[in-house]
Structure formats: C-alpha cells, structure tokens
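Just so it is clear, A, B, C, D, E, F, G and H label the chains in written order, and each chain counts residues from 1 on its own.
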Amino acid sequence: MTKVFTRPYSLKDVETHYCGGCGHGIVHRLIADAVDELGIRERVVGIAPVGCAVLAYDYFNFDVCEAAHGRAPAVATGMKRARPDLIIFAYQGDGDLAAIGMAEIIHAANRGENISVFFVNNAVYGMTGGQMAPTTMIGQKTETTPRGRLMEQEGSPIRVSELLAQFDGVKFVERCTITKPKNVNRTKAAITHALRMQIEGKGFGFVEILSPCPTYWGLQPRVAMKMIEERMIEVFPLGQLKDIEEKK
Amino acid sequence: MAEERIIIAGFGGQGIMFMGKLLCYAGMMEDRHVTYMPSYGAEVRGGTAYCNVIISSEEIPSPVVSDPTAAIIMNMPSLAKFEAAVVKKGLMVVNSSLVTRAAKRKDIELIPVPATSIADRLGNTRVANMVALGGFLAKRAVVDIATVTAAIQEILPASRSHLIEVNRQAIAEGKIYVEAHSSAAIWSKLTRGFGFA
Amino acid sequence: MAKVTIITQRCKGCELCVESCPHGVIVMSKSLNDKGVHFAQPAMLEDCTGCALCAMMCPEVIIEVEK
Amino acid sequence: MSRKGLMCGNEAMAEAAITAGCRCYFGYPITPQNEVTAYMSRRMPEVGGQFVQSESEVAAINMVFGAAAIGARAFTSSSSPGISLMQEGISYLAGNELPSVIVNIMRGGPGLGNIGPSQADYFQATRGGGHGDYRTIVLAPASVQELADQMFLAFDLADKYRNPVMVIADGVLGQIVEPVEFSPKETANLPKKDWALTGCSGRAPNKIRSLVLGDNELLEHNRKLQAKYRAMEESEIRYESLETDGADIILVAYGSPSRTCRSLLKKYRQEGYRIGLFRPITLWPFPYKALAEAAHGSRMVLVVEMSAGQLVEDVRLALLNDSIIRLLGKPGGEVIQSHEVQSEIEKIIEEFKIKGR
Amino acid sequence: MTKVFTRPYSLKDVETHYCGGCGHGIVHRLIADAVDELGIRERVVGIAPVGCAVLAYDYFNFDVCEAAHGRAPAVATGMKRARPDLIIFAYQGDGDLAAIGMAEIIHAANRGENISVFFVNNAVYGMTGGQMAPTTMIGQKTETTPRGRLMEQEGSPIRVSELLAQFDGVKFVERCTITKPKNVNRTKAAITHALRMQIEGKGFGFVEILSPCPTYWGLQPRVAMKMIEERMIEVFPLGQLKDIEEKK
Amino acid sequence: MSRKGLMCGNEAMAEAAITAGCRCYFGYPITPQNEVTAYMSRRMPEVGGQFVQSESEVAAINMVFGAAAIGARAFTSSSSPGISLMQEGISYLAGNELPSVIVNIMRGGPGLGNIGPSQADYFQATRGGGHGDYRTIVLAPASVQELADQMFLAFDLADKYRNPVMVIADGVLGQIVEPVEFSPKETANLPKKDWALTGCSGRAPNKIRSLVLGDNELLEHNRKLQAKYRAMEESEIRYESLETDGADIILVAYGSPSRTCRSLLKKYRQEGYRIGLFRPITLWPFPYKALAEAAHGSRMVLVVEMSAGQLVEDVRLALLNDSIIRLLGKPGGEVIQSHEVQSEIEKIIEEFKIKGR
Amino acid sequence: MAKVTIITQRCKGCELCVESCPHGVIVMSKSLNDKGVHFAQPAMLEDCTGCALCAMMCPEVIIEVEK
Amino acid sequence: MAEERIIIAGFGGQGIMFMGKLLCYAGMMEDRHVTYMPSYGAEVRGGTAYCNVIISSEEIPSPVVSDPTAAIIMNMPSLAKFEAAVVKKGLMVVNSSLVTRAAKRKDIELIPVPATSIADRLGNTRVANMVALGGFLAKRAVVDIATVTAAIQEILPASRSHLIEVNRQAIAEGKIYVEAHSSAAIWSKLTRGFGFA
C-alpha cells in the first residue's frame, strides 16, 4: 500500500491549540503542502500574525517570525528587501490585516512587494474572544455587536480582495474557501500559485480564504462550513480577481 | 468556615469560569465576602483554564489563591498542575471520567466524580461542570444549593434559560453521587485507578 | 481496499471528516479520548476508497490514508 | 441611587465611566481588557452614548482626542502593546490640554509577551512614553471598588486640570470579580469648558493646537504646563500608609501586589513584628515626601512589584538612600505569590535580627 | 458700486504662510465661502492636518482643531459621535491622508461617518520639503525619488477617490482641481455639496482637489497649474465618482 | 580609506550607517531629520542597498524588524512624534532581541510642538516609552563627527547584545554642518547571527517570537533580558569627565548643550574658578558611579538640559543628594544660550561664595 | 466700469490673477513690495468687466472686485 | 581674526542657507574650523529664515551664535530680530532694497547694500544673496573671494552649473558696491532712510 495522504513535512507533528473544526489548521496544512511541493522549505520564511494563528511558528517546520498586530506586510517588506532570495509570506487574520493593519497591507500591495499574503477571513476576532472584525457580516452577532452588525453604525464588511486587486502593484488575487475538499484543493492551488509567482519574481500575490470560527460563530463546525457557503460567499464571492499571468 | 480558597481547573470549554462565577455569585447572595479571578493568564485556546474563588466571612485581602483549601479538577493536565498546591487535609474533587490516573497526594481528601459520564447520561456533556460542583458542595457546603440554583437563574442570559433545569439537575446528581459513595469505598477504588464510566 | 488511520488522541471531534466522507466510513466514537472528546474513527473500512477527502478536511491533519 | 453588584474590574470601570457622565467610549479589543469593549457595546446604546470599536488603538486615542476637543467626557482602554501605540496621541492630548481618561490593564511584556498580569508599564505611565515634557496623572487602584471610584476621580481630575489622566492596573484587577457599588458623587466645582470647539456661536473662534511656532512661544506653553504639573504635585498626591508608624519593615506596593502584602501584615503583626505597608495611589504625582516620612526610622523598605524594578526607582528618589531599599520584582506577567513576599521578609528579619514579640 | 467679490467672513483677514501660488490658499477660501453661504459658521468645526495646511486654524474664522499626522478622520469621528449637531470637516494633504493616515480614512469612510473630508492632493509632501507622496506621479522627481518615482520601486500613485468610492458608507465623492476659475467654481460646488449632505445627515462626503505645490514641483505657479492640466489629470481624472443623491 | 567632508549631522549619520555595512534604511519624512531620508534615497541605490520611504513610522520600525529578523543591519530615524509611534515596535524589537538602530533627532513637544531642538525625549529613550521591562542602549553624540562615530558603535553594540540601540540627539546636531571623517573601524568580534531567519537549510527551523505562554516562561525570558541589561551596565557605560577633579561646580550636560557648557569652562578656569563638565555619552546605561565620583567634593552640580528636567532625575539617582543639584532646564524646542548658563553659574558663585583666583 | 483692488503689500507675485484675467487688466509691478516681490496691480482698469476671475484665483484672497 | 560668528537672515527663498553653507565650505577649504547651523527652528514656509556660521582658527565648542560678530540682514523682519544681538563694534550688512527703515544701533558698523536691486539688474533677483555676501566679504575677508568662487563650483549641483557665473558676478558686484561707498557717505544716507533702488 502506498500513502495517498500524509502530513506534509513542512508541518510539525504536533497538536495545535485551535478549537475543534477551526479553519486555521486546514490552511496551515495547505501552506505546508505547497512549500513541500515547491521544494522551498529551506528558503521560505513565514510571518505569523497576532490572532489565533499567532503560534504558527510552533506548527510550521521552517523559519517563522512573529509580527506586531497588523504589521506583517511591513515586516515582510523589510525581509524581502534585505534578502530577495528568500521566499516570504505573511499569514494574517481579518482583524490583523483589515483593521489595525489596513495601511500596511495597502502600501505593501501598492509598492508591489514581491511577497505572498495569505489572508484568513473568519469574519470575527477569534483570539480576543469573538469581537466584530472589519469583515463581520451585516446582522452578525459578536461580542461587540450584541445586536448584530448594523450598516449604519459599523459600516459594511470590507471586501479586501476587491480593494487590493485595484492596485497596479498587485499581480494575483484570489478568494477561496475551505468548506469542502474541492474548495480546499482550489485554495491549495491558489496558495501554490502565489508562492510560485514570488519565486519567479512576478510580484505581490494575495489569497483570501473564507474560514470558519465555529467557536465565536457559536456553531458546530459542520454548520459553520454551511454558513460560509450559504451566507458568507454571498458577501465575499469566490474566484480569481486578478492574475497577470492569465491571458485575457 | 472562615475562608474557603478554591481552584477550579479544566479544559477551555468545560465551563470552568461559569462554575467560578456561580459560586462567587451565590456567596455574595449569602452576604459573604467573595472574589473570583479567572486564569486568563498563560494559556490561549485549547489549553488549561482555571479560576480562583475565595468565599470568606471576612474581607479578602488578595484574590490570588496560591494555597487552595479545595480544588475541582476537571481534566488530566489540571491534576498535574494543581495537585501539589492543595493544602494538607484539603479537598480535591476530580472528574474521574477524564482523569484516568490516580492522584499522588495521600494527605488530602480525594473525591472522584464521573462528571462527564453523568452529564452524558443527562443528555448534555456540557453540564459536567455542574455535576462536579454538586459533588463539591456535598463535601463543602460553602453556599446553599438553593442559593446556587437561584444564582444560575440570575446569571444565565435569558436566551439560555431553557438550560436552567438541566443545570439544576446536574448539581443534584453530583451531590447524590458523592453522598452515595462513602469515602471508604472511594479510597479502595482509587488504588485501582478510576474505573468508572 | 484502502486504509485510513486516525490519531484519535489528537482528535477534536469536529466531525468534518465524517461529513466529507462520501461512503460513511468514519463515525464518531461513543467513548471519550483524554480530551473528553468523542473522537472520529474509521468504521466500515471495507467501503473506503482511499479518496482522502476526509484527510483533506481534517484541521488537525491526523488522518493518514493508504491505498 | 447606588447600585451594588458583582462585576469584574473591567466592567466596573466601564460602568463607573458611564455613571461619571461619559458617553463616548472608543476602543480596540485586547486581552485582558476585552470586557470593557464588550460591556460598552451593550451599555452605551442603552444610555444614549457612543461606542465605536475603532480600527486600532491609534484611531481610538485620536477619537478620544476629537470627543475631548468638543468638550465631551471620553475614554479609551487597552493593554500594554495597545497603550504603546497611543503614545503619540497621549502626548498630543497633553500638549493640547484635553481632558481625557486612558486605562491600561497591563499584561506581560515586552513585545507580544503574554496576557498575564503585569506592572511593567510603570515607567511608561509615570515618565511619559510619548515625546516631550508632559505628565499625566496616574491612578493605581487595588480593588474592583477602587477601580470604579477612581474612574469618577479620573474624569474629575482630567476636567479640573485639562489634562489626560491614566488609570493603570495589572491584569488581575481587570479580571477579578468582586462586589462593587456605584455611588455617583456630587462632582466637584469644575471649570467651564469654554475652550471647547462647540461652534463659535456668540463668541470668537476657539482653536485647539499644540503647534506653537513663535519665538519662545512653545517655551512659554511648556512653562505653563509645568506650572500645572507643580499644582498637581501640590494637591493631588494620594496614598495609603498602613501601620508604618515605627515599623521596622515597610512594604511598598501598589495594585494587586499591595493586596498580597496587606494579607501578610496581620500575620506578622500577630507574631509581634512591626511591619507596615505604604501604598501609593497616585503613581504620578508620586508621594515622595509621605513615603520618606513613613519610612523614617525603618530598617528596611521592601518594594514588591510585578516588574523588573520600576516603582523602586521612585522609592529611591523618595528616600535618597539605597542601603535600606530592597526589591522583590517579578516581571513576565506572573502573579507574585504570598510565599515569595514572605520569604523576602524572613530574609530581612534574619539579616537585621529584627525581633518579633 | 456693489462688491462682486470680497473675502469671505469665515476667512480671517490675515496673510498666510503659504508660498506664492500655492493651492492651499484657494481651497481655504472655497471652504470659507461654502461655510458662509450655508450659514454654518457658528456650528462648524474644522480639523487641520499636519502638512502645509497645519496652520489652517489661524486662517479660518471658526472653531478649528489640530490633529496628529494622518488622524483627522479619527478625530472627526470622535467629534461627530459626541456632537452630531456640529458640522465637522477634515482638511487633509496627500501624505497625511494617503500615507500615514490610510487606515483612518478607510475606516471612517467605511463606517460611513457623517462628516466631510477635503483632500488636497499636491502629489508631494510640501511641509517637510518635497518628498514623495503616495500620489506622486510616475517619473516625478522629489526629494526622496531623485531619479523620479519608479513603479517597480515605489508603486503607482494611489487614486484615493476611486478607492473610497467603493465603500457603501461613502455617499459622495468628487475629484476637482483649481487650475482655472471654472474648476475653482466646480470645486466650490463640490465642497458645498459635501457639507450640505452632512447637514442633512446623508453621510460621508469626500472632495479631492488637485492642487499645485509650485515650490516642490520647482515650477512657476502658472506653469504648475498647466502641469496639473496636462499631466496630473491624466492620472487622476476629474469628475464625480459617486453621489447617492444623483438619480441613476 | 577615510573620507573627510563637510556634512550636516543627519547626512553624516546616514553615511556612517552605510560605512558600517547597513544596506537597509526605512523611514518616514519628518523635520528635523529629513536630510536622512533624502540622503538615503540617493545613496542606497549607489551602494546596492535598499531605501524604502515607508507609509508611516509604524511601518518603518516594523520594516526594520523584518530586516533585522533575517540578520541584516537595518536602521530607521525620525523625530519625537514619529518616535512615539514606534514605541510598540521598539518593545517588540527588544522582546525579540533583534539588533537594530533607531535614531531620534529630537524636536520641541509635547504634541506637534515645533521643530526646534529639544532633549525632552530623554525619559522615553532611557526608561522605555514602550511597554514591558526592556532597555535600549542610548547613545548621545555632541558633534557631527561623534554622530558618525556613534553610528558605527550603535550597529556593533546592537549585534553584540542582540538589542535595539537608540541614538538620540537634539535637532541642532542633526542640522549643523561640520567637517566629518569616516574611518571604518575593524568591527569587533561579533557573535554569529545563527538565530536569524535565513531559511532552514542545513539546520532546524528558527523562530523569532516574543509571545511565550508557558508557565513562568516569560518570567525566565525577562530574567535573561535583565541579565543582558546588567552586562551592558557592566561594560558599556561611556562618559566624558572634563576638569571635574576638585571642581567646585560641575556642569552636567549631553548633546549640544554640553558644547555650550564646554565653551564656558575655559572662560571660568581663566578667571580661576574650579569648574568642570561631566558629559554622559551613554544615557542608558547611565554613568551613575562615574558621576558620583566626579561630583564628590563639589559644592554644586548644575544640570543643563533642553527639557523641563529629565536628565536631572538620573543625576539625583547618581548623587542621592538633592541639596547639591540645581537644574537649568529649557523646554519647548529652544536652544540654551551661553549667557543663560553663565547667569546660573554666577548665581551659584555668589550664593556659595565660591572663590576665583 | 468695474473696480479691482489689490492689497499689494500682501501679494506674493504668483501671477495667477494675471493669467486668469481675460482682458489683461492686471500686470506685475516693476517695483518690489516689502517682501521683495514684484506685486500684481490693476493697470488698464477701464478694460475691467468685473468678472472677478482674477479674485477667484488669488490664493491670498487679496483681490476685491466692485461693479 | 580669531573667530567670526555670523548670522545671516532673510525670507525663506532668499538663499539664506546657501550663503551660510558656502561661507562654511570656503572656510573649510582654507583649513579653518567651521560650523554652520540653520534655523530650521521656529518658522515654516514664508517666515524668516536664518543661519549661524562660525569660522575660527580654533576648535569651536558650540555652533550656536548668540552674540554675532557680524550679521547679514536680507529683509525687514530680520532687522527687528537680530539688530540687538550684534556685538558692539560688530558688522551689519543690510539689504537696503528691502529694508526701508533705518537701524537703531549706532555702536555697530552698518553697511547697506541694495542687493535685490543689483541682482535684478544682473537679471536674476535670486542672486541678491551673493551680492550681499560680496558686500560682507569686502568688509570681513574671513575667506578669500577666490575660495568662495571655488566653493560655489563644489556645492552647486551639476544641474545648476550654468548659474556659477552669475553668482560669481554677483559677489563681485557686491564687493565693488561696498568698496565704492565710503562709510561716511553711507552714514549720511542712513539718516534719510535707505533711498536706493
């Protein structure tokens, strides 16, 4: 018998601290798979966000760095400018990237830094206990929107992929999800594509991943996945928003 | 009882903080001095969670419990973490459904309660905390069970009021379980490891 | 026949594997692991096609599939 | 009307602010003060106030700046890394003399650190982590009740002096649940906010700005600020001195460690040791004189703090005598246990052959 | 004879510190005119940026406040939330708004704060001596792009109006300029419109004004105005990008 | 190779960094240090280095973080308000033990203040304006040449201790033009950067993080940091003591006021007064002992600083004797004039009946 | 005939008014004001239509127009 | 000359800083000790700009000039600001094209130079600074005019090298103007206010 699925080498064989059914674990695996397949484990450097994925350096089996809340794109810029031969990716949550870190992601994107950003959008602040994120959906109840998010009070969910796709410096943007195997594979392809473009010096790649936070959505993991398909995709449509490699 | 200093510990998600707040609230309702301090400290998701509760007839200088007179231990890592801290002759209530190794201390009163199994039986694994609390109150009547029931009503949000009954029932089951198992019988089981559930 | 192995002590009981298996191979245990979790376990292994859909969905990456 | 209830420090602080008439809260989530944001999101709409979950701490402090500039009572709260991000804003608040309240529920650092309780932002709060010669009044509560009481006080002091006021507490105080009562006091005779930007109806336009470019203008502005700070030192020093009279050993602590110390006083007094506790309540202005008096004649002053040694510097400045000062400092977001203090005390007793009964 | 043009009452009768031919003076006048015409002088509060317009409080004859560099939208949010009856506007430069203050403007816009923002885009940092701004044009030489801005190195100029127009919370966006009387009047109309919408509670209004910095463009004021028309408008097209009042 | 030229302090500092092997500069314009950004934008491409005009100071310090994490020499510079915005980042650099250099060309505050020269960020630099128990070495040059020399030193010290190093100078020093020479020294025997994130080729993965969550882990980490800080106090104290032996009056000053003081030494010595100058070069670690020794036997210590009184606090901690310390503090971005120092000296001479020849 | 008044001591010599006047009414002075600036001054006032285009363009807002 | 402490002051845009740097650079070329300090200080655009230059045969302790031995005053506000500071018997060169009130000090040497007008005549108002500098050097030969001309070549960026000639010429004109007007003649004009241009 041959192994048809095993843990990627780039993912340490340890238990995560994530809640059961959390999407972060799946996304970690996909990144590790992509790194293995591209054969870049020995020259990749990851940047962990401040958010539930803060301990990513304990899970990835390659060099990983912490970054202050929201500043991963600036940290990535510093790294890539100093060592263009390294492959740099930032892993960020929606609070991290779209709230406190909005200026940093926009400017790194606009400068067209040759880095890859993996954006895990779970529509909530997981790590701090389920507060509203910039991507929280209208009507969604969170710790800080006990009556549900109101457009009039808190504005609409921010569509980061659409926002970033506009900048000339950005070369690849895709929004994916991990609700079922097909989507998981599509996500892996997008992650791989972004990294490959970086390897080839083609510039800034961005993959947004709609991901469940069963804990702060107050839903069973399976139901949370359904929720993404039934509600979240409506607000954050899946698909490739930009790819300079695509023939038009 | 001048002062009861209690540590409650388990996994995040086992309702550890709720137990602590409940005890504390009941204490206040009975006009005791109370403090409650969660360990929001070292761990994030998935780790061990614990809290400190002090119920006293006098003012409480510090909310930090370093020498608990009682501990409620809901899972294995918590046993390792707090076993040594309990004062001599102190009480340790253990969720024997999940704690499958015997405690080492012989100088404390050890009360195993198969809280998770009993809760499963009641149809809601999540009330294991209340089963353990019932067991604890059977041994240390720091507050009246009636007060605790009243306190549940106060602190459960309206949206969850349908859960009051199963919580009440879980406390009762825990108390009954402990009262039914004489300490002699328990000690003998202990040496064989927790064989329940 | 394919083989599915799960490190059950690390299972968090999210049931995403169960949900994704097209052949109902994986079921949740009645008993608890050390975490107090009803864990996933392969049941009707004879139905397993080795498609690895279960493994793809497992956030803990504790499912291995051989064929 | 006074309401009694069981609340965690964070919630008590939030409710106290509302009782003090604050209708503007701007904040960004961070542990261990998330209960404030959650509480305010619920309560503010109930009382007709504003809760905005800001996009960052930088935005939060500047929203406070805006609300303060139009004369409203506003506050924000955060924890260590978030407070670091506010340093520019706090300097602006001080430079512009805008009354405002900032709460720091301190956690372990430096960097991301952990979310354990800490007192390692003492220097930042008392010396000014921002740029320029400015001071904020710094209050240090030691219980949930005091946290609530000091919120009233903080708003009053802010208005009285047109200055930002900080309340700093280790994470324990934000998290512990204790009974608390809100008894809104008659607010002191506070100056009218005729400087506020309320629209220039019936008066000349007001401006609020800290940029002053004329020759020596900023110097004059600074002198004025310094005079105000001297006035605070004159009138606003607060502390608690417990059994320090004739004590051989004096413990100095604030916040939750002061409670651990206090719990030991009785024990040692019962054994006949003369041991006292000095607790600064305002960390700035610091009770230098009071501490010097309290420590007069004592054999040893033991400073107990959840940091590597910051409060101890003020104790040195108070006593100007290093030989009688000892530090029990614990950095890294870890609670100081009673037995740790005890063992330091035992060492002192032994070393100085201090007699019990 | 009747006066057909005189200094607006809302503009103090003092000399400015601006260089000869600087656009800030014109924009100040337009705002003052609008305030006079709307009759809101006694309930308007302006927010001066950190930038050449930092001393705006010395020129406007109504209440004005300073804000830390880039934070005017946050300050405006605090003001408006506390006193919705006041009319609040932020005056910002391109460094202030689009570099350091990017997160604040985006989030105030997305929340749909009922405020007005006047954005003076002069493609350079005037106050600090002519460094590159996020809106500096490709090839433009500045203190910090001595070889001219390079797309590959510094990215493309950011089109802020286009960026903000996307947010649901934003109700009015127009890009104007002040190169000649016609454009000056168009700008005044846009400023007035934004303020009027705020008065009527209709929400976030944004007016971008292409404005010359003759000093750091190294051009005669008249030539600088030509430069806007010939080069800058190409990159930053004039026109209304959004108006919820417009019938579609 | 050594080059001599006429440069302003800001440019000299920038060129010195390049000579020290720094190929990464990240910064945001702010007066009075704009010459650095301008210079770097020209020079970095010439030497194959990177210049990024960051979107803000927050971004700049985090770019430095990134470059430092992969083992490169990186630096940023700013002035007071910009440095306030970097406080979180500096705490992260310290917590993560990343060698890096931060320059503050101080201006008048608080708030926006003005762009005049100032020394009012002394507390921020020496006590840590960020959160948590951390220290940065703080160097204080007094001439364009020294600014250049200290940049070499700063990079070496940063690498030696894996710690951020600050260079702080009042605006005068950034702006004045003086002759300067760059003589790249043999770099000391510096530790290998085997902790850097260079790709895990041929070794186990490295991680850089300041979040440490295990029981007492952060405590241990802090103890390690503190031990490092003690080592710095042991080895890195630098100062200049001019004619302090047997002096009746000792002036204490750093940066450009120290030059004003120095210009008076000769005058008074000529008149037969015994007057000396003590100039701390490292502001942290502060030369407490050396100052105590220098001041031993003197009648009065006059602290001269462009702030309302910050350096003076370290002087008090050094001497533990308030009665011989006097302050000439000038806040608000104004230069201290020679005659102002002189008139303070005259007062002391008169009051203490100090004799000239 | 219309009248144009300029506060010449505050003029910064930018010539935007000159540029915008359709009738060439405004010219720059040969002499300097206290700032050392060749200032703008109305010359052929008889051609002035009072259209105020000059005033609209003046950054210093020192032009007044009467008609 | 042991030490010349010079203040140069005028509007932003008059090339004040360039004058200072030029003097300083020339001083260095002649192996003097030099410092130059701009007043980037209190003012922003449109205000008064000034700088401090010290040229000395000895080491210069402090670059701050509070008691200038000479001042070059390019506009009116600068006169008000610096008139009192100049030491007794010090020198003050004044741009009489723009400074239309007489100085009050009688204990200093006052040299009016219609620098802006002369520059205008040379076809470039912007070289008024060099005219004044020429006037200054006529009175205080702190550096050689040849050195200054060489220094211009060094510090003007290549893109502006076509301006070297007019700058050189302006210096010469300033020098000639001052040499041609005896101080007696000047004093008499002063009392009538600066009537040139």
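The working rule: contacts are C-beta pairs under 8 Å (C-beta built on N, C-alpha and C of every residue); 3 or more make two chains touch, one makes a residue touch a chain.
For clarity, every value in this text was computed on a predicted model and none was experimentally measured.
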Checklist entry - What is the shortest path, in steps, from subunit F to subunit G when you may only step between chains that touch? => result 2
Next on the checklist: When I count C-beta pairs in contact, which pair ends up with more: E-G or A-D?
Outcome noted: E-G
Checklist entry - For subunit G and subunit H, what's the span in angstrom between their mean Cα positions? => result 33
Checklist outcome for this item: dist(centroid_CA(subunit C), centroid_CA(subunit H)) in Å evaluates to 87
Item to check | Rounded Å distance between subunit D and subunit E, as computed from the means of their C-alpha atoms | outcome: 40
Item to check | Distance from the mean Cα position of subunit H to that of subunit A, given in whole angstrom | outcome: 62
Checklist outcome for this item: For subunit E, residue numbers touching 2 or more other chains are 16, 18-19, 54-55, 66, 68, 99-100, 102-103, 106-107, 111, 127, 134, 154
Checklist entry - If you look at subunit B, which of its residues touch at least two other chains? => result 42, 44, 47
Next on the checklist: Where in subunit D do residues touch at least two different other chains?
Outcome noted: 31, 55-56, 58, 81, 88, 92, 96, 111-112, 114, 116, 209-211, 213, 333
Checklist entry - Where on subunit G is subunit E touching in the complex? => result 2-3, 10, 12-16, 19-20, 37, 50, 52-53, 55-61, 63-67
Next on the checklist: Help me check something: in the complex, which residues belonging to subunit F touch subunit D?
Outcome noted: 58, 80-81, 83-85, 87-88, 91-92, 94-96, 106, 108-114, 116, 118, 120-121, 123-124, 127-134, 209-213, 216-223, 225-226, 307-310, 313, 316-317, 320-322, 330-334
Item to check | Complex interface listing, subunit B residues touching subunit D | outcome: 21, 24-25, 28, 34-38, 40-42, 44, 61-64, 66-67
Item to check | Residues on subunit F engaged by subunit A in the complex (per definition of touch) | outcome: 23-24, 26, 50, 52, 54-56, 58-60, 62-70, 72, 74, 88-89, 92, 96, 197-202, 205-211
Checklist outcome for this item: So, in the complex, the side of subunit A touching subunit C is made of residues 1-8, 11, 15-16, 18-26, 28-29, 178, 180-181, 184-185, 214, 220-222, 225
